[in-house]
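Below, chain A partners chain B and then partners chain C, in two separate complexes.
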Partner chain A sequence: MTSDIQEQLRQTCRRLLEEEKVDVVIGYGQSTADGPAYPVFITAPQDVDRLVWNDRCFNNLTAYLTRDEVKSLGKPAIVVKGCDDRALVVLEQESQINRDEIVVIGVACEGVGEPRAAKCAACDVHMPRTADETLGEVPNGPADLEAAYAELDAFMAQSPEERMAYWRGEFERCVKCYACREVCPMCYCNRCIVDKNRPTVIDTSAHVKGNLAWHVTRAFHQAGRCVGCDECTRVCPAGINLRLLNLSLARAADKHFDYRAGMDKEAAPVIGAYREEDKEDFIL
Partner chain B sequence: MSETNGFEPKIVAYVCNWCTYLGADLAGTNRLEYPPNVRIIRLPCTGRIDFNLVIKAFEMGADAVLVSGCHPGDCHYTAGNYHARRRWILFRELLDTLGIDMNRIHFAWISAAEGKKFQETITEITEKTRALGPYEAYRQLCEASS
Partner chain C sequence: MSQTLSHEDLLKLVDGCLGQGKVVAGPTLVKPDLCAYAALRASDQLVLKDFIHPANSIKGFFFPRHEPICVYRLNGNDVELEDVDPPKTEQIIIGVRPCDAAALPILDHVFNWDYADKFYNERRENTTVVTLACTDYDDNCFCTSVGLGPAAEKGSDAMLLPLGDGGYEVRCFTDKGKALFEGKTTPSDKTGSASEGPARKIDVKWIEEALEDDYENPAWKTISLRCLGCGACAYNCPTCHCFDIVDEGDAAGGLRVKNWDSCQFGQFTVHASGHNPRANQGQRQRQRIQHKFRIYPEKFNEILCTGCGACTRNCPVALGVLNTLEALRAAAAPDTSEVG
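And then the complex of A and B:
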């Protein structure tokens, strides 16, 4: 099944490059069969056999679309899974990409990782929703948001003191490598707030105070925008479960504003729009 | 509790220039006394109040934070407070997940005519925070870092 998709993927990309419909294909490559796939940028038709598709294709490649060095390669085609596809919707809502200038090749995804990644357990976007061409066919799971938030519910069952102690332990390990930022398709700012030092908003040292401020900032800048690709959590060298923070904001957007990022291009964004009847029972 | 003996809470109030700051001003001109524990920081609009400022206040040793601005519909910039409200709704959920003490973060609408409400709000928050005691959990976190 996945090998069929891989063959179709190579053929599609060869055709796109030969017909000069695109200048570069952003896809997955792999050097060892069971190793994780990594991003490859294919610019010549004879190189398309470097492209792979399997359950080791973790990356959300849409993060590369907004990079200057990738833009300079010319018109791109990009390989996306269903979850990555949601990021494309948000990027388009935020005017970061022009879909007319991108060819989106969707791949049917049964889930990534062995065992499956946490995000895949309650996935309802196995099939990319906005792709120009979709390869393969997988039935979409039901939108079971209860299951999606189960991990968060279990965490929230603890007392606030226990939660604080947990995060303190987690953030003590953070080395502020900013891999979580670099890998995120929504972190496309040319200059991140942590890199600004006049004035210094977030303590730059990798100690727990500055780390907490950083992770609050990172998570909250994704409020109503995070599509839950969990790349930040996957790439964290300290193994911090950033997914929990993302989930809490995703659930808040869902609960209060009936909004899921990247599901509907026409929906008014959570941050940047408002309703006069927004709930306010906590305001004195 | 012995530790609350002599404990004076530090409260940081981020207020908007057009409503709550004038409300505080009115409390002053009306000679309405409120606890001196509050440090008022005036900003153009609640829409301007970056959530990082709330974190910053705790980092600097605040025991409670108040964010206050114009009532819905009264914003000097038409909709700043509506945008702020959306952000607070989400931000509170994030802070709760992080285990930050939600009894130490307060939000209020206080208009320029509500000097009395300003006095009452500050008094209430001060008393509540005094009962809670110093925000030791956050302080320990900051001390571990210095």
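And then the complex of A and C:
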């Protein structure tokens, strides 16, 4: 199944490059069969055999669409999974990409990681929904939101003191390498708030106060925007469970505004729209 | 005749040191699937098997990610300054991979070059480093390419070599190492062993020469396309040592602090004018490699890399020093189109 998709992917990309429909394909490559997959940028038709598709293709490649080094390569085709595809929707809503200038190649995804990543357990976007060409087919599961938020429910069953102790322990390990920010398609600010130093807004120190300030501020900026690709959690060298924070944001948007980021291009963004009947009772 | 120590006696030694108020650190499971060097609360947290390399390095025990160096107070037009003394607590780090210990003598140069960093030096003096010889390696290790190895002694006060029966051969190299294990070990005819060393190799001589006149090499752009510009490589690297000095406080006073910084961040080299001499990620990657394999060796006669592979293991896009160097070499070969 995945090997069929890989072959189709190479053919599709060869065609796109040969016909000069795109200048670069942003996809996945792999050095050894049991090694990690990583982003590759293919600019010549003869190099498409470097592209792979398998369950080690973790990266959300849409993070590259807003980067100057990649933009300078010209018109891109990009390989997306269903969860990555949701990021494209948000980037378009926020005017960060011109969807007409990008060829989106969707791949049917049965899940990534062995064992499967946590996000895959309740996935209802196995099939990318906005792709120009979609390869393979996997039935989309139903939106089982109870399962999606199960980890959060278990956490929220604890007392506020226990939860705070948990986060102190998690954030204590943060060294502020900002891998979470750099892999995130939604963290596209030209100058991140933590990099502002005239004046400094958030302590640059990686102490508990500075780390809490960073992660909470980032979480606020992600509210109603995070698509749950979990890349921040996967790449954190300190193993900080950012997924739990993201789930909390996602559920707030879902529960109070009936909104899931990146699911519907036409829906008014939850942070960008105001309705008189908007609830305020969940805000601390 | 060798000296040996059982695992149980090693744990007793750890508990004894903790009981004396010393900081004892080592590889531990900070999460069920994440082994990292951290301070231990009890000896049962120490993990000495079933890992290749902890996620981080030990440099934080000498050069913490955040360190106050001065206190200031503002009284009207007066500024009061108060020095911060380096901590005097004795530290023992046990189960250190030889590649992490080897970084310490390398770092000694830069922290004692034009200025003797009392914080670093004091911690160095107060710390005993006990390495654990490697019995395995992974695809990211390349210690033997930079003159080290699975049982390299550089930077170690003592070394544990697994015996295969749960115990260790103990080899002491310095007075600190001898003091720690004195009277604790048993003479034996058993000797510990280490692995032969990693399979992947790089030719550092070639790299140093290739970097000589490399500033305009277009390969950097393609090699670095996937680099996201985070600090996961530098912050987990045993030898990366860049820091930023910032003041944190309010109108009444505050702290001058020394925080880790990384050449991979776009803001690292931004001038006050706004000009950035390293404006793109290719230039930043080039700098990181240049510093490790040409600039530091020229200045201090040591490669600023111990082949631990932490940069690659922690890289969100599987880049790291080893893959970067291999890509650089591939780009220099005329018969390949391998890029990015």
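Please note the rule applied: the second predicted complex is superposed on the first by the 279 of 284 C-alpha atoms of A that agree within 3 Å, B and C clash if a C-alpha of one lies under 4 Å from a C-alpha of the other, contacts with A are read in each partner's own complex, and residues count from 1 in each chain.
Quick note on the criterion: contacts are C-beta pairs under 8 Å (C-beta built on N, C-alpha and C of every residue); 3 or more make two chains touch, one makes a residue touch a chain.
All values reported here derive from a predicted model rather than from experimental measurement.
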- Message: Should chain B and chain C be called a clash or a fit once both complexes are overlaid on chain A?
- Response: fit
- Query: Touching A:S205 in the superposition: chain B (first), chain C (second), both, neither?
  - Reply: both
- Query: Just chain B (first), just chain C (second), both, or neither: which does A:E69 touch?
  - Reply: second
- Query: Which partner does A:R15 contact after superposing on A: first (chain B), second (chain C), both, neither?
  - Reply: neither
- Item | Vertex chain A angle, Cα centres of chain C and chain B, expressed to the nearest 10 degrees | 90
- Is A:R116 contacted by the first partner chain B, the second partner chain C, both or neither? neither
- Task: Name the contact category of A:Y274: first (chain B only), second (chain C only), both, or neither.
- Result: first
- Query: Who does A:F41 touch here: chain B (first), chain C (second), both, or neither?
  - Reply: second
- First (chain B), second (chain C), both or neither: which does A:L152 touch? first
- Closest CA approach of chain B to chain C after superposing, in angstrom, is 7
- Report, in rising order, the residues of chain A that make contact with chain B in one complex and with chain C in the other. 203, 205, 207, 210
- Message: Under the definition above, what is the set of chain A residues touching chain B in their complex?
- Response: 152, 155-156, 160-168, 172, 193, 201-203, 205, 207-210, 212-213, 216-217, 219-220, 223-224, 244-245, 248-249, 251-253, 256-257, 270-276, 278-280, 282-284
- Parts of chain A lying in touch with chain C, wherever the complex brings them together: 31-32, 35-42, 44, 46-47, 59, 63, 68-70, 73, 173, 175-179, 181-183, 195, 197, 200, 203-207, 210, 231, 234-235, 237-239
- Which chain B residues qualify as touching chain A in the complex? 50-52, 55-56, 59, 72-73, 79, 82-83, 85-102, 106-109, 121, 137, 141-142, 144-146
- Query: Which positions of chain C touch chain A when the two form their complex?
  - Reply: 30-31, 33-34, 36, 55-56, 65-66, 139, 221-222, 224-226, 228-232, 234-236, 244, 246, 248, 257, 259-260, 262, 265, 267, 280-282, 314, 316-319, 323, 337, 339-340
